[in-house]
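Below are structures written as structure tokens.
What follows is a pair of complexes built around subunit A, which joins subunit B in one and subunit C in the other.
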Partner chain A sequence: MSTLIGPALAADLRRRGGFDAQACMGCGYCTAACPLGIDMLPRRLFRYVLFGMDAEVRAELETVFSCLLCRACEQSCPAGVHITDNVRTLRGWLLEEGR
Partner chain B sequence: MSATRSPEGSGTNEPRLAVYVCQCGGNIGDYIDTQHVIDVVRDLPGVQVARDAMFTCSDSNQQEMIDDIARESLDGFVVACCSPKLHTFTFRGVAERAGVNPYRVTQVNLREQCSWTHTDDPAGATRKAIRLVTAGVARACHGTALEPVQVSTTPCVAVIGGGVAGMRAAIGLADVGLDVCLVELEAELGGWTGRFGELFPRGVSGRALVRRMRQEIASRPGIEVLTGARVVGKSGTYGNYRVTIAIGDATTERTVGQIVVATGFDAYEPVAGEFGYGSPGVVTLPEFRRLLDETDGPIVHDGRTVRSIAYIYCVGSRTDGHAYCSRYCCSAAAQASLLVADRDPDLQQYHLYRDLRTYGRNEVLFGESRRRGSYYLRFADDDPPQVSVDGEGVSITVHDLLTAGAELTVAADLLVLVTGMVPRPEDDLIAALKLPVGRDGFLNEIHPKLRPVETVVDGVLIAGACQAPKTVAESVASGMAAAAQAAAVLKRGVASLDPQVAIVHDAACDGCGECVAACPFGAIALAGSDGHAVATISASGCKGCGACTPVCPIGAIDLQGYTDEQVRAMIVGLLDGGVR
Partner chain C sequence: MALPTRDVAGILADNLRLRGSVLPIPARQATRWARELDLPKGGSTVLYTGLMYQLIPCIERLVTIERWAGDTPLARFTGLGRRLNRLVNGVAFVPRPSARERAEYDRVPADVARLLHRAGVEFGYLYEDDLYAGTLAWDLGADEAVAIHARRVVARLRRHGVREVITIDPHTTNMLRSVYPKLVDGYDIRVRNYLEVLAERGLDFPAPVHDRVVIHDPCVYARYENVVEPPRKLLAAAGLDAGEPAASGRLTWCCGGPAEALYPARAAAVAAGRVAQLRETAPECVTMCPICLVNLRKAGDGMRFRDISGYLARAAGIPGATGTAGQADPPPAPGGR
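Coming up: the complex of A and B.
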């Protein structure tokens, strides 16, 4: 099943909380650094946001709320992505619009 | 001009020689008993010193050779080791440092032609080695000192192709005081760069760059510009070539010392249907650049304002038939997306790539493009995007490796195929100059690292994207490199050529002309006075191939370094070595 990609979701999240998914270059350092071993966070999740894949983001509700916001991933990120801020923004979106 | 011949050691006086037999580590020593070879050849006429060595080419052994030459007052030496292709110049260098004429060095190939071919028979290999070294000593006994052939050169360079590489080469050559004949096929100078607007890096327009270079060329009287012109022929010899140039129906000739080929590239033209090419809304990168360069404001294509653009990278590069990377296209597409973002920040841009090679400083373009909103999606080599075109626009389906291989569909108003460079079909020029062409169709240099602008054709240099895909900056750099190489030869005014060329013994020659017909380089002519025409060989035209010597019915031609006397002595040596 192919997903038609569009900018609406990323634009919405950028307006809400300065979501900066675009800066992510998909290296995976964040995943390696996560003390919970959450393999979804954040690179694939951010791609879903970038491409407006609403359903795929909603399906990760558990993951998004499992995050400890410890910032270990941000310490490791070579691209300086504000990962925990993005997670907070995503939580807000999921609470208000995501269900 | 002809090579001179020194009388010393010319066969009548027995020369004083050393013989070195190399073990080449185990390459020779594991199969040939080098000590036995030395013991046998030690007593040959002329041999004053004979020894073997683990590596004769090593620095320490070279110094021992130099010491032997001084202590024993040697005239030359025989070194039995690898192929002359590998170490001729190494051992000629040893001779020069020891004050001995470098053409008094005889190299015997014991590795490729003996030990490597007879690994199953060490005793037989050793017997063959004795024959080969005996023949080498015999040849050396009849060797003579030779001096390089000196030819005066014409201080003018033909530059073929008036794009950035050729223009920059012409300017550089004029600035060191050489005349230039710049031959351009089109009606005006500039090539590809002259058609483009802003180029990476730094965003200066190609048109402005070319305008400035045209002015620089116009201000240099030493540069003659021929437009609408093509080179159709070349004759003459090293340092003094006659090039024939066709302009319309007329032809003209120029005498030049060197030739720089800078004929550039063609843009890859996709076949109909390749990623939707030929359908409305699908364009190549050069076509898209023309659209950007010739319009202002919002991007409009086919009368419609473009709201989204997709780029597919590596079209016509890194594929069957075009195995190479075209180098410039990743950076050019990233830069085009920035030009688009300047004009319409809300326009959506999707880049579908295989691998991004925005190398060096161009990485900044990629980062900036992402920061300004371009999306980058990566597809697998064996899973290219599928394109379908309908009235509404272009729909591209891709498995994005950066989104766990998810199948995504991009709907775009315009699809840009990021096409690479292909070689120009310059068959006539390639035939006229005998240019070496690589497997990919681009012209070949001698050595990609150390001799990047020289070709195997003496006096013919290459520059710019006729050699391989290059950016503007890289083309200009290679144009300047070619100018420096041409100037390095021509500013001396004379060129030194290999003296191992054919000579005619005038008194013996009866002017039959057999050799004239045999010479593949057209270097022999019949000339003379008093009704006695003899063959005359141009020392600069002769390549020392030896085709003329065996056809002479009366043996009046000798190839210096391989004279009949030397070859006869070698044959005797080969036979003689068998009974030792």
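Coming up: the complex of A and C.
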């Protein structure tokens, strides 16, 4: 199955409330710090967004909404990514998609 | 099994937009705690509760219903429930929490008010205009509904001539101090938390409490609002032997509570992990957030959890304070964990 890659989704999210996932280096400190042990967030999820893979992002709805927004990940992030702000922005997009 | 995420989140956002709170409760229920305090209405400085503590018994009832409904065919009708809730406030049909369930959570704002009076702070209260700040809807990404609500809250503050608010929980503190300035043009309300105010003012503690306790820092105080030292300073002044768990301060570990509205089982798993950490330091824990208090208590399994206001009130000699030794925990909501 092929996936069409494009910048539209990331651009839409940046307009909504800021989305700085392009700074993510994929180091995985965030995943190691997550109290929920979510391995999807945020590395792969953010890549889905940056590549414009809408369907893959929609499929992770439960992952996005189960994030605690506790910022343990941000405390560990060497790139200073605003991970919880990005997650909140994604939630808003997912809620609107479902209207 | 959890109820459909979009529908539950949608109901909460609809409630904020239509009724001014994600869980609309009657004003008399939200302001009951202030009945005996004779606080003036409004003024340049007000105690702003944001209803977080008062809402906890209602939240617990709803989570119990949600857990039950999630395992039944009713879960398929959550979307219909959302449409009906737009017409009629569904919270009105939730069984009312008992007086005993409400008592401890109503006691927190009352203890805070008495502590501020002891410290010589003058303040008023907005009564029915003390509105929920919109935390849960903001966390869910319902920014448009929260922006409209924030303007409503600020209009009421301005109508009463408020220049400064003193908050009592981390979530309301974060919304009013760090989120509202992004949502409301010309926002100029000074926001301080009561722990910051008391730590700065200093307070006499004529009846020091020498209990051994462990501190649980809420994520929002520690990592969003940098409120780490004031509670420690106050607990030490009140005589408590307050120990640190392995994860504390800015490296604190979440209580799991933020997941409870949508995924109660996940919230319980995180809480159980945190309780195991806390238990290694002391069998009694000081909390500073209503969400942490209720979520950790449910996973507590023999540990005792109390809000910091109760310990401080007890050490300040305020009669009937919630931190009084030997007081029983309130009963869990029927069917709760």
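Following the convention adopted for this analysis, the second predicted complex is superposed on the first by the 97 of 99 C-alpha atoms of A that agree within 3 Å, B and C clash if a C-alpha of one lies under 4 Å from a C-alpha of the other, contacts with A are read in each partner's own complex, and residues count from 1 in each chain.
Definition applied: contacts are C-beta pairs under 8 Å (C-beta built on N, C-alpha and C of every residue); 3 or more make two chains touch, one makes a residue touch a chain.
The model shown is predicted, which means the values in this text are computed figures rather than measured ones.
In the superposition on chain A, A:I5 makes contact with subunit B only, not with subunit C. Counting the residues of subunit A that each partner touches, subunit B and subunit C differ, and the larger count belongs to C. Using the contact criterion defined above for the overlaid structures, shared-chain residue A:P35 touches subunit C, although it does not reach subunit B.
Applying the stated contact rule after C-alpha superposition, one finds that A:Q22 touches subunit B and leaves subunit C untouched.
Once chain A of one complex is fitted onto chain A of the other, the partner contacts of A:L68 are limited to subunit C, with no touch recorded for subunit B. When the two structures are aligned on the shared chain, A:L90 is found in touch with subunit C, with no touch to subunit B. Of the two partner chains, subunit B is the only one touched by A:F51; subunit C is not. The contact sets of subunit A with subunit B and with subunit C never meet. Contact residues of subunit B toward subunit A in the complex are 348, 350, 370-371, 373, 375, 397, 400, 402-404, 406-411. Those residues of subunit C whose C-beta lies close enough to touch subunit A in the complex are 2, 5-6, 9-10, 13, 138-143, 219, 223-224, 250-251, 253-254, 256, 258-259, 262-263, 266, 270, 273-274. Residue ranges of subunit A in contact with subunit C, taken from their complex: 16-17, 35-36, 61-62, 65-66, 68-72, 74-75, 88-95, 98. Put simply, subunit A touches subunit B in their complex at residues 1-7, 22-23, 25-26, 43-44, 47-48, 50-51, 53, 56.
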